[in-house]
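Data block below; observations after.
To keep things simple, chains are lettered A, B and C as they appear, and every chain counts its residues starting from 1.
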């Protein structure tokens, strides 16, 4: 039985260490090609005519002017007369032309008559939502009534996170080319190279086997690029009509209006506790929207097993559809829960770190790990030295405060299959239909393969981004690193063992006694009986070694799930302007068996920065009268810049215990806590809770006003 | 012909009033003289000013030391010209509104947003794109530092950042962290690579002063 | 962007002759950082762009202690920022340029363009017109998303804020704007350059469609302490939520006279005569600066979402005064 087990710390040369990402040179030199960079001969440019109203019925569509325009090669009506449109920006007509500007001219010439219908786009105040509110979901666990009865203290608060967008830098899009009548080649910006093809096959009525997907690089996904979109399919339809390839790429405003949003959640919470800080019960009423379908209930109370009663209302709105956003529902649940607990600590006049530690058993089954992580984070930020009771009493208008949060995530590896080939010239390739979202998929595969084969990372050629390679799952749920690591490990172990069998006679040894280290095949522990990797491979002759390895997902023993992390932040609030600056942000994270430390740390930094961004700046702002998004641009849909992030320190928990768990994904967990930690730090600094994100000057000043005026 | 709004029939090149008149063989004197967009042709002080477009006009761009001749409408931006009409796809289109910095190039020695400059305006100026930094096949110290400090994730903002860092270090070879944060205020990243970028600029500054050749 | 024709004159006479008599048909292109965005958003639909960057006489910075400062309209924000005389004599201008925290914008953007850029009002940019009205002509701003809109001069029909970075400082410093048109040059005070439009077809400045800004003239600071303070949420490129520029003539430790002008609070840069009156004869202190801020905003009236901007504008005044008094850039 081959030994696939992950080598422990004493037996690994590469894994768990810092290595530069292997596609770095392509990315820093502009050579990396993204979907938007792809061109094909005679390619046409696609444009979509979109509905300007949040709720309307299409009365008539006149595309005659567009069709007559020189350079226009194909026009299709996507939603014609009689169709009811539920958000501004929905697709009405698709156009393909020889030039991008002509396509825009043509789109402007299309005349659509609409019958406007009433719309609803603001859900923050539930009392205004009326009939848009769907039947509540209710859930109770344990005996919350008993807790509230026995409580010494009941803390109440309101918390909320608005709808935000993904704002991937590479907007959604695809380049679609027909090869014959029923074969489609699609370069598409996707998080699911293996599976996205079916999204073309069904509507285009062609066999899924005939859809060829290619993608070298993707300019961000964050959960918004799992399937084909209507504009992709329509581009393929246009391509067929015109007999030419069609590239359809969204503009920034389209991207922000229709191509990705995180549902909002608002909540009124009551938490009951004993005077000594023992948490007894939770009661919350929450609501939110993800567009027409409302928003699912967030997992409250988050991370803490508190007897609870929940009521959640989904509110239907005409803001456009939502999509999975990095750790769906977790940032919302986290922010509400950790905010309510910090408010409880303030009511009890307790240090929230003490409150967390006192009740840490309620975070079972990971209580010990959370405790360890909280203490480590506290040490990194000097919590005990810097923390003060609510309201910084330092004179002056700059008030500092500390906040904390914990989070969790699954992250088990997805189903993945890797085909490894060892060639007679010594070169090695890994082929799998995966994708690298910037998380380091390629690099992780190369590290695992190189480690197993005793080669340098540069010796491995990683081929991903083509659905003709063996299937590997979509990059969602932090499942990729676990999945591809496991499949790569098995494939390379098998390939290596086949090579051992091939060369064992020449080394006069038992194949089971060979090892591959330092670019050589040798008898275990005896470098005198060895040959170089190249010499070994030369013995393969005309038949390379091909081995496939799988990650089966579910119960695969090379991967695991269930990570935790603790984050703490120090903020400085200017109480005259309400401007919040991040001073220092620390994060401690467990992640099982760590393959690639440098890219893992980058995931941490990146997630925290994204978290800072949604905490301080981001909001999809909807106008009540027009029903349109007023900030579909990067000027007013604000993202944190390099000067807005303070100092960030991350610490990965790496030890034997973690190693024994197997590989777990990391993309999502660290993005969960920042909103909670920053909100708590602001409350600690200024002495009052700012209920809703993002923590902009208007919201912070309104809270200060409520506290009793400005300092 | 001059009144035609059919883009395919518009005059291919800009006409000065004089050229127009001579072509009109004197007969045009009675008719109002208009340009391809239907505006009155320039008169008086501006009579000799060449009107380009609205149709395609010849444009010459000098990119990374190479001269390129293309034929584009005046409405084509430098970014579109680089990406679509030439094959410099390093500069990316993200906001397309002079905000995010993904399209940053160095023009005439200064960093600018290529999305907000017309190709016709960029003529006669040296344009440096990210591709030009490693034209010799060897990566620039800034690019090396970006790799070393993992200052890239999805990589879509990276070329713009690399070019902005080049301009920053050209102006200030020994920046502090505060200088870096301020000097890169015109570039944004969604994946959150800023920690790596800060480190990369600091270390590239060191390397470059160490005597390695600059692009 | 719709198709347009392009002309690149080399003299201001040519430039002006290429312009038309109607707004919108022909636009002046300088840095392009605003105009091209407006065109991409189909808010501006010019048929001709007159690129004035080759008009060399519109370039250049000249400073002499006796005559003051002359900025050509084509001077870039970066050139302004790097000029040592401006840094020393007119820190209010340098600080305003420094607030544009994107070198790319500062390298392309010109001082003339800074004055003539259009409002950032998101309804305007979404095609609802300068006055931001729905199809029936009802204003969208008062009950809409007005967090960044005006708190002064906002009784309608205009609710946007003037976006200029330099205007408050220029007005506080007593600058004038030189304009060139078919009838030759004319000059207006920087304060008179901006107007509040009453209809969608009007502009926010006194230029006629066939006129261009050629120069900005700033009288000698003559020792007047001046400063700009902008309240911006982000360190990355971000619009001020409120701004103030002040120029303080001192007699010893006392202010003999003061100019206080607010930015990003009204459809035009907003002088604050009450604050100026209040400051005259006072010695600068934290309290005096704060009280000046309060008096500057006495007439402010919030819309449904922008009460906070009143506080921010007060702080901008206060901090501009304190910054000016410290005399530090």
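Keep in mind that, in the parts below, contacts are C-beta pairs under 8 Å (C-beta built on N, C-alpha and C of every residue); 3 or more make two chains touch, one makes a residue touch a chain.
What you see is a predicted model, and the numbers here were worked out from it, not measured in a lab.
Chain contacts in this assembly form a complete graph, since each chain touches every other chain. In terms of C-beta pairs in contact, the better-connected of the chain pairs A-B and A-C is A-B. As a whole-number value, the distance joining the C-alpha centres of chain B and chain C reads 27 Å.
The geometric centre of chain A is 33 Å away from that of chain B, both derived from CA atoms. In whole angstrom, the spacing between the mean C-alpha positions of chain A and chain C is 41. For chain A, the set of residues that touch two or more other chains comprises 101, 633, 635, 639-643.
Within chain B, the positions touching two or more other chains are listed as 7, 73, 75, 96-97, 99, 181-182, 185, 188. Within chain C, contacts with two or more other chains are made by residues 1-3, 101, 235-237.
Contact residues on chain C toward chain A in their complex (touch as defined above): 1-3, 42, 101, 120, 122-123, 125-126, 128, 134, 140, 143-145, 147-148, 231, 233-239, 241, 305-308, 311-312, 315, 318.
Across the interface of their complex, chain B is touched by residues 20-21, 23-34, 36-37, 39, 70-71, 100-102, 167-171, 217-220, 222, 251-252, 437-439, 598-599, 601-602, 605-610, 613, 633-635, 639-643, 645, 648 of chain A.
For chain C in complex with chain B, the touching residues are 1-9, 11, 13-18, 20, 25-26, 29, 31-34, 36-37, 39-41, 47-49, 51, 53, 78, 101-105, 107-108, 235-237. The touching residues of chain B, when paired with chain A in their complex, are 6-8, 73, 75-76, 80, 83-84, 87-97, 99-100, 102, 129-131, 133-134, 139, 143, 146-148, 150, 152-159, 162, 180-182, 184-185, 187-198.
Within the complex, the chain A residues that touch chain C are 101, 104-105, 108, 576-579, 616-617, 621-626, 628, 630-631, 633, 635-636, 638-644, 696-698, 701-702, 710.
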